[in-house]
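Shared chain: chain A. Partners: chain B in the first complex, chain C in the second.
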Partner chain A sequence: MMKFLKQVIDYTKEAGQAAKYIGQGLSVTFDHMSRRPVTVQYPYEKLIPSERFRGRIHFEFDKCISCEVCVRVCPINLPVVDWEFDRETKKKKLNHYSIDFGVCIFCGNCVEYCPTNCLSMTEEYELSTYDRHELNYDNVALGRLPYKVTQDPMVTPIRELGYLPKGVVSGHDLPAGSRGAGKLPEEILAQMESDAPKEEAKAAE
Partner chain B sequence: MTTGIDLQASFVQILEQFGLPHGVAKLVWLPLPMVLIVAAVTVLALVSTWLERKVSAAAQQRIGPEFMGPQGMLVPAADVLKLLTKEDIVPAKTDPWLFTIAPILVFVPVFLSFLIVPFGQNLVITDLGIGIFLWVALSSIAPIGLLMAGYASNNKYSLLGGLRAAAQSISYEIPLALSVLAIVMMSNSLSTIDIVDQQSGYGILGWNMWRQPVGFIIFWIAALAECERMPFDLPEAEEELVAGYQTEYAAVKFMLFYAGSYANLVLSALLFAVLYMGGWESPIPVSWLAGLLNVSETTPWFQVVSASLGIVITLFKAYLLLFLAVLLRWTVPRVRIDQLLDLGWKFLLPIALVNLLLTAGLKLVFPGAFGG
Partner chain C sequence: MPEEKKAAAAKPKKEKLEDKPFQEFITEHLLPAINATLGKVGINDLDLTFNKEPLPVAGVSDVDCWQIIGKFNGAQRQFRIGFLKEDIKGQKFFCCADNGAQPSLLESFMIDERRVTLDLIVLYTVQRLNGQKWLTAN
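Up next is the complex of A and B:
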């Protein structure tokens, strides 16, 4: 009899605990309802891409020496370099250059290895088209610069998580002039330069 | 106790003044409340789909539908329009008859159950003698439809979903009926009007939720299971069963299932409000308010105000419960099928039985407080 009673009591306790946890869970979800939505309302708001963002590749026609390094380092030999040898100047003359972004994986090897820096990454990522052949960019299309998110009057730029002040998790409604956690590279450099004489003095002692 | 406004009597009276015989006048009246309720229920179900989207979004720190009409309010209308214009697909090797009848069999009983949902003293289609029992009886037709849908779809997911739905509906029907029975015992009537009347007079303190706290919880759990809401939505558990018995359905037939499930949720919330939260009674008694304003309760304008207040209050209570259901959806994880049946048969059923016996005992001991 006592064993049965104990079972009943344990069962009741468990039921009570389950109810308590459900209550706690409900209070969490209810609390979330009053928080500001964290979603970026895409066509009207856009995240500012980071400095290392690997977007569509930009190409400067005049800088290119047709060395084809970009083709060799590309995992699938994607860039098409159309050149001919100019006998008069004894130099390669570039006729056309194109990259198909329907195939490109944006690994950035070509940008990394280009000896004349004629290739670079942009922050453009809106490449959707109705026809995949439109993604095959020629040297004219590759030479265009994307519209910056921060300068677009139609778009509210939102900072990414890594660029928010310490403890802030949403880029919405930031006070003006608020800056990200940590120091900028140039600030670190300035700090190091100002510290350098002191350390030299210490070493001299 | 005031009778409030009686729309039927006044309507019939007006027609009789135009020289119509009494029977014809009544016949003209008959379809009006039915059409009104069907339209109202459709709108309420659509509103609840919108509410589901918005509350879900808020709980997940999203915005939800925003641009289709003000605050995305036209999303349900767009949904209906889309489903109406889609192709009505019947997959190969299905049982065409069962496949077609199933959604109707799920949809119709839900709408039929609104016969007994009262929005005021006389604001109900019919005050049936069997009242709340009609709902219990009608809601046991749905599992047949679900089973038919699962069986006829020629799809293993559908069949599993249908079987699960049937098992779930049948096991949770019993605790649901038992908790309703305790209420019925207290109010000495099956009629929904009488059940609300029995709770009136003391405002929020007179509601059944204070006298039936256990039944209150059991009913809500069982009602959620009946509606296949989140902690118990395993008949259509999308991670395991694609969409359960709805997998093969499209267009209008899918819409019947979809509308049926939301209408069922609204119905459960409304009946929950009627059974446990005093139906159209406001938290502060209307008669007390009338005394405060120094107007007689039989004043026509006051009767109109109190009737509309009753409708608003009923809907408010129902939508409060709907909100709770949506919030629960994002709080509680889905139970397994064995856990579901354990909860139904080993927990809710014995507790509901004990609750019923306890109510009977209390009714004998305190006939005043428990409706002797």
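Up next is the complex of A and C:
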């Protein structure tokens, strides 16, 4: 009799344990119901890269003075600057320039150190090709206007969390003209300038 | 120091050329120089003209300015060097297009160059066209 009773008790305990574990496991699942939606329906929707995004490098042929600073500051001396000295005008004549984006780590040193600002970062990040040698961009490819998420009529640009209005957690279906939380730098500056005379007056008193 | 002296000695002669009136300088000195230099690198059917035309790029086509227009390779390839002011030291731009298309991108031309001389304009032109892989293969 006692043996039978013990079996019943064990069975009930185990059923309770199993229910507990299932509940624990599913709580992780149900936890997602209160989380922020992060899915972006790429390629129909794309996230807008942040301001200092380091994408494909843009190169302006006319501004380059063939100083090779970009090569020196590059961790792997990647940019290829093909120039020759023009004896008549005593100037370096830039023949070709190229950066292999299959090897580039997008550290941005070249852009930072370029003395004539002929290198710049773009927001272009879709650099997939079938052949890695296609990523070796020459100065013609580097000089093309970069792709922008916000200028593509086929793409719905989605803002990242930091750029959403206060209290909004999803970048989808934002009303037109909605702004991010906080003020823009120029607005802060304008306010500081308008406040400055008042504070001076206060200090004078 | 000797280099500076040489430059100083060479300057008076050069300055005369660049101080000539804008149109005279371009039609009588720059165009023949560009023609000769591009002839040396193997462009034989170059058609160089100097006209006041609206900018060829969509979006800014309402601006009239003087342009050196070069067409070659059976008029399939064209490049333009535009002068926004009637002054070779003023703002200049460059645009080019292949396969008889309209140029789509307006680029700066000699934007960081303080000295603007005949030789330098020719050098920059040849350099830019070479960069476009139009003169030689890479």
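Going forward, the second predicted complex is superposed on the first by the 167 of 205 C-alpha atoms of A that agree within 3 Å, B and C clash if a C-alpha of one lies under 4 Å from a C-alpha of the other, contacts with A are read in each partner's own complex, and residues count from 1 in each chain.
The rule we apply is simple: a contact is a pair of C-beta atoms (placed from the backbone, for glycine too) under 8 Å apart; a residue touches a chain by one contact, two chains touch by 3 or more.
This is a predicted model, so every value here is computed, not measured.
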Touching partner for A:146 - first (chain B), second (chain C), both, neither: neither
First, second, both or neither for A:180, with chain B first and chain C second: neither
Contact breadth on chain A, by residue count: chain C or chain B: C
Contacts of A:33 with chain B and chain C, given as first, second, both or neither: first
Which of chain B and chain C A:157 touches, first, second, both or neither: neither
Chain B versus chain C as contact partner of A:93, first or second or both or neither: second
Touching both chain B and chain C, residues of chain A: none
Chain C residues within the chain A interface of the complex: 94, 105, 107-112, 117, 119-120, 123-124, 126-128, 130-133, 138
Complex contacts: residues of chain A adjacent to chain B: 15, 22, 25-26, 28-30, 32-33, 35-39, 41
Contact set on chain B toward chain A in their complex: 55, 57-63, 66, 327-328, 330-332, 347
Touch list for chain A against partner chain C, complex: 60-63, 65, 86, 88-89, 91, 93-97, 116, 138-140, 143-145
